[in-house]
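As written, the chain order gives the labels A, B, C, D, E and F, with residue 1 at the start of each chain.
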Amino acid sequence: MMKNRANILIEALPYIKNFYGSTIVIKLGGHVVVQEELLEHIVRDVVLLKYVGMKPVIVHGGGPEISRVMEEMGIKPKIVDGLRVTDEKTIEVARMVLIGNVGTKIVSMIGQEGVKAIGLSGKDGKLFTAKKKGTKRITVEGEKREIDLGFVGEIEEINPEMIEIVTEKSLIPVISPIGIDSDGNSLNVNADTVAGEMANKLGAQKLIMMTNVPGVLRDTNDEDSLISQISPQKAQELIKEDIIKDGMIPKVKACIDASKDRVEESHIINAKREHSLLLEIFTDEGVGSMIKKDN
Amino acid sequence: MMKNRANILIEALPYIKNFYGSTIVIKLGGHVVVQEELLEHIVRDVVLLKYVGMKPVIVHGGGPEISRVMEEMGIKPKIVDGLRVTDEKTIEVARMVLIGNVGTKIVSMIGQEGVKAIGLSGKDGKLFTAKKKGTKRITVEGEKREIDLGFVGEIEEINPEMIEIVTEKSLIPVISPIGIDSDGNSLNVNADTVAGEMANKLGAQKLIMMTNVPGVLRDTNDEDSLISQISPQKAQELIKEDIIKDGMIPKVKACIDASKDRVEESHIINAKREHSLLLEIFTDEGVGSMIKKDN
Amino acid sequence: MMKNRANILIEALPYIKNFYGSTIVIKLGGHVVVQEELLEHIVRDVVLLKYVGMKPVIVHGGGPEISRVMEEMGIKPKIVDGLRVTDEKTIEVARMVLIGNVGTKIVSMIGQEGVKAIGLSGKDGKLFTAKKKGTKRITVEGEKREIDLGFVGEIEEINPEMIEIVTEKSLIPVISPIGIDSDGNSLNVNADTVAGEMANKLGAQKLIMMTNVPGVLRDTNDEDSLISQISPQKAQELIKEDIIKDGMIPKVKACIDASKDRVEESHIINAKREHSLLLEIFTDEGVGSMIKKDN
Amino acid sequence: MMKNRANILIEALPYIKNFYGSTIVIKLGGHVVVQEELLEHIVRDVVLLKYVGMKPVIVHGGGPEISRVMEEMGIKPKIVDGLRVTDEKTIEVARMVLIGNVGTKIVSMIGQEGVKAIGLSGKDGKLFTAKKKGTKRITVEGEKREIDLGFVGEIEEINPEMIEIVTEKSLIPVISPIGIDSDGNSLNVNADTVAGEMANKLGAQKLIMMTNVPGVLRDTNDEDSLISQISPQKAQELIKEDIIKDGMIPKVKACIDASKDRVEESHIINAKREHSLLLEIFTDEGVGSMIKKDN
Amino acid sequence: MMKNRANILIEALPYIKNFYGSTIVIKLGGHVVVQEELLEHIVRDVVLLKYVGMKPVIVHGGGPEISRVMEEMGIKPKIVDGLRVTDEKTIEVARMVLIGNVGTKIVSMIGQEGVKAIGLSGKDGKLFTAKKKGTKRITVEGEKREIDLGFVGEIEEINPEMIEIVTEKSLIPVISPIGIDSDGNSLNVNADTVAGEMANKLGAQKLIMMTNVPGVLRDTNDEDSLISQISPQKAQELIKEDIIKDGMIPKVKACIDASKDRVEESHIINAKREHSLLLEIFTDEGVGSMIKKDN
Amino acid sequence: MMKNRANILIEALPYIKNFYGSTIVIKLGGHVVVQEELLEHIVRDVVLLKYVGMKPVIVHGGGPEISRVMEEMGIKPKIVDGLRVTDEKTIEVARMVLIGNVGTKIVSMIGQEGVKAIGLSGKDGKLFTAKKKGTKRITVEGEKREIDLGFVGEIEEINPEMIEIVTEKSLIPVISPIGIDSDGNSLNVNADTVAGEMANKLGAQKLIMMTNVPGVLRDTNDEDSLISQISPQKAQELIKEDIIKDGMIPKVKACIDASKDRVEESHIINAKREHSLLLEIFTDEGVGSMIKKDN
């Protein structure tokens, strides 16, 4: 069995070489971060990537956890005609939960594995600024109305210097998707988007979205309909054709955006599958769906 | 009036020279950080210190804010015979509020003033580790009992490298008093103690405790009984004599501890007095109480 | 009164921010440097600028002092048809007075204020090279003649590396306007020109000419005729129209030249007005005349 | 099978952490370097160590190869009463073979695996100086005689700067055991000794002797008599007791010497066992014999 | 006589100034390196260049030495129709002799003069890669045949970083002309070509070929027919006209190639003439032939 | 003749090696700096030292030049009972002449030779501080009186950082012996003392006093009475015995002081002898007198 270990290390060598020194942006979905044991396994995988010479950068979500705390605080989600509105109370909870709870927990787990990490949000060293998405036009009973989405933002500018400062000191950055606008307001930014734009800005070699589904499915009820590889153009079409839908849309869009510029390979994989992160990096087959330009 | 401004700048010059390049640890008490406008003023003062060449390091508390959120979440403080017990739920809230809410708000305000800041807790880059305070022996109705204080910690080791990394890059560190023990648990550490030990470890020139009282009073009902300057020895005596009591004790003790080693001057000042921070640094008289060894 | 000081420091904060890290070239005129007490006040103002994060660079003149020493040495100014000729004796005195007396005195005064300075002329580290202005054609009694201006030079090349070496080590450079030509001759260069070209080469944010007049006056006998702001184009016209004349011409020309390229704002201010340097930098109104492009 | 790979990588993580950043001196014996395929496997193992964060330093022998070339050149080994004498011709061949053939081949193989290496002998950057061992006293037919061992040396001084220069640039140093004496003569130094002293000077965490035997055997004819772990003291005794003998003596002595000072663990392992180097580092059991102080 | 020494040092000053900080590539021919005493003199000259501020880089040949060792090993040169074929045995000997013998000897001699040197071949730090020259078409008895030249290579890519690493640390690099191809084979590369391409890549100020002839001769039997200076164009013509022929061709071609790009002056000089290297650098007349573009 | 040059360069090599990287403090006496052509020759020698790897530091005097200018200004030396008193006028002239005239001229000459230099006095970067020597007790007509020597100082503290900053940037520092006291007064310090203390503080390998006499003479009228080498102890005795006297005393004392600590060899040599500086450094015999401890 010992010999087996040695053989496998040697089999992994070409993959280690290939990604040596590479920045890998890993997005941990909101459903992933609430599963303590699962998260511990993923963190250990991330730490392995760090030790074999890669530069992992974590971006996390936290929707379910925000909902749980809001519930505990007796705050009802404000839904206007099906659209969630992030009022002042909601953003306060989001900020507390994402930065103070989820981000901190991940930093702490990485520390337990012997590697230093640091929690960062858009405010720290002005890592990224955001602006309010503003209003959305909807039609209610034939009447056009505009509703203000509140403290929901989109990224305006990324200042990657902060990431460079900490990775140079061998820290793993753990990014919570809270931005700041020019008035100093906290804004909730979609974590998929943050991961995608961060990967792009950092010139990451890979963007890996760790979700609770196997990847992009043609039929969401059939795991066998998994699309292993798809070009950004084709992915765009599938969105239009409503084959890619709901929560998968921002993930795929983030991958498409990342692939436009510097990131060659983006992946949507199932976090629940054991070691899916390692399998993605250390095998040729990979797991889940890869968004990659046709050559 | 313009000439007045120039004159006063020149009057400030000797103080600027004196503290040029010095590390100043500033502790913002829990009652201070909940007053938005007051906090904004203090942040502006801190930013001024930064611009005229000092290296401010902020440590903040947050008791009242933690209580508020716990109340909103319907969590009752667990009091056993007068002692507050920090159970798992409480530490979770403390962590969220201190790191995600208070620390983040201060970082954000500093950013609004044009200076970069970064929020740090004990977990980030392993800034400080802590261990549980453990049990406390009490006597209830003639019977001796031990109660477990829960997730309350005391500092075990400070790793100041993280502070050096960020101050070198001209960021102001904002420290939330959440430590981590060797099992990865979050522990609530007294912010006064964190400030005192941090000042000591960093070799700060000054430790300034910004509170909601004028300083150390002989008679807490009489502001005229303020003690302007006191030696650590004398302060120790006043604690024994029960003249310094309650919440003032950890503040004074932190100052005494800091003065033992490298910090020459510690101050307890009234945050509510306008520009009290600047007055402390830029005038000979200062404000509040100074703990300083007799020569 | 103490509170007033704090308030004013906070009022100064936006100006401090604005010029943080900026290079400010300050030219001290020959009439300024002979007034010991006045010079001490200006030096203190310069030291303040240094402490609040600017990089002051001083260029000084010294005409009156040169004249005084020449007189003491019994040397008569050589005037040919109204033009001053700098013969070998004159340049020797100029060099001694400017470098050995005036420059050294300023360096010494800055040192007394606790900041290190260094005296530099064109020769030190080849800061700037010059070439002889050569001959000037004049008409005497209807007859055309050429007179050799002697050891008077104009700047050929500035090598700003020397300034960077010393400012990087937190020294304030004090530049005497003596250049060196390719034959090793010392040449007297107009200090206004040195200041202007140095400001330009260093990419200074401001060039400040400290003179013994209130600024550019439409009528030199009427201080109320001060022109607060003027564009380089307009200033050029006023020179042509003979409204700007005599000793003001090289000052204004230096400002015009500086504004052509990288220096946005040039100022001609009255050194005798108390703290005029600080007032220029720390107030919106400023003092004296500003040469600035129209937007 | 893919999952197996991931599991094993995670199992290897604690070992990777443990040796991260450590210097590992690996001595490749003369019988090892002549087996092309075996050498290729070992080189791949060394490259893996490099990629997972260790700093391997290779020292090689080459006795059999030297003998082969001497034979081809028709040079007969000069044996005086059983002692091999290194005359001028022999040292020339040794130098050519060790530096030009063996060292260069290893450098080349490492290069093929995508990592830069550099061949060094004692002369390069004065890595190590040596002095002649001189004469040895022997008794021939009752008569005492002294024979000069010729160009055989022992290390005088190691200058590890050269190793630091190249490892800092991520090159793997490959050291040939040819030293230089103060007269400029090349001297053949025992490779085991070079490895031991180099490990000691570099403060290596491990010294690994890769040989063609399973380790230290109590009975050289019985592989089951392998001593898994032994203290330096006990090893010394076994040498005295003639249980450790012949070619094993310099290997064990080098390990004993290394353990005296800074190297905690020295190993003698069988190079022919597949991946023995990895097994030694990535398993608790290890392979071969370990020389380690009792605690 | 003492005064004479001082005068001559001062006479040398302009030459020292002129080449201060310059890279000088010096090629030592195969006939030069076998003459011990001559080599010692040249090494001393090279060390002088180093001490007066130049950066010498040595490239050496070694044909006669390879032949000698091959003969001793009883290996017959494989000549097919007048063309030397480098088979596996030959390249092995070439590698041993060039790297292990010649290069090492030069490094050692430089060390004896108090300066550190380092032996490098194409494999070390991947200094240069090569590819096989392949086959050559010849006509034998009216029949066309292709013969494989074997392990003879031409440079593919130079990676000068290795030279910069060592010269930055004040080491003199000594380059042996053994390259490596993409399959890991050692290839013998013409040393003249290596010197020329290295000089070009390093932007050397001079390339100096030290040979056993006085320079380029119009008539190889008449030393008076030396061509002191020639343009690359003219040199090319002389090759075509068969005036430059045999072993001189690669030398002149290397000089022509070097002059195409960045190297202004290339020289072919007689190593046997005492101090010819110094005479070339420290006198206006120089020695031997200079290839230099017409202006 | 060309060959002669090469031979002599090689003869100089051991001396170059010996002083490579050494700091050499060279004091140019007041009688030396007034002889333009002589000074030019010495400067060229200094530049040679720089180019062959030494770090020359120049300290200059200027007595005769000060006297000349004072005369021209009609200032009479103030002599009280045989002691020269440096009043305010005198120090002003000394400052102008030493810094503005002599120092600047030397900097300029070095620049003409293609090397950058920088003029420094005690004030520049606070290179050295001084304090007034104060009063001297004398007896006039049997009556004891104290006279104030005025602005004459002795060194209090040397801050060699300034020298390191400029030599690191390859500039030659030229030091004028004007110090500054704590009140900001300029003080004239003996140049021999400045040279001696500077050599000591910098850990110079040699201190060379360039004077207008052949060295230390037993009989000042007999050049044949030159003492080639003398120990500091013996030199002290000769001062007591009045054999060493007058202006030679401060020179010898400076050498004695320097030798006490870190400077091994101090020399007093005749600047007028052609290339005496080079002869001192590049020959075994040297010139003039050497003060060196007996071994």
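Observations on the structure shown:
Everything below uses one rule, namely that a contact is a pair of C-beta atoms (placed from the backbone, for glycine too) under 8 Å apart; a residue touches a chain by one contact, two chains touch by 3 or more.
Predicted model only: the values in this text are computed from it and were never measured.
Between chain C and chain F, the least number of touching-chain steps is 1. Between chain A and chain C, the least number of touching-chain steps is 2. Distance from the centre of chain D peaks at C, each centre being the average of the chain's Cα atoms.
Greatest Cα centroid separation from chain B: this falls to E. With each centre defined as the average position of its C-alpha atoms, the distance from chain B to chain F rounds to 58 Å.
Our note on geometry: chain A versus chain F, Cα centroid distance of 71 Å, whole angstroms.
Inter-chain centre distance (chain A to chain B, centres taken as mean C-alpha positions): 35 Å. Residues of chain B found to touch two or more other chains are absent. Chain-to-chain contact here is organised cyclically: the chains close a single ring, every chain touching exactly two others.
Touching chains close into a ring; read starting at chain A and passing to chain B, it gives A, B, C, F, E, D. Taken together, the chain A residues at the contact with chain B in this complex read 69, 72-74, 92, 95-101, 104, 107-109, 111-112, 116-121, 123-126, 162, 165-166, 169, 171, 178, 180, 184, 186.
Note for the complex: chain D touches chain A at residues 2-13, 16-17, 20, 44-45, 47-48, 51-53, 114, 274-275, 278-279, 282-283, 285.
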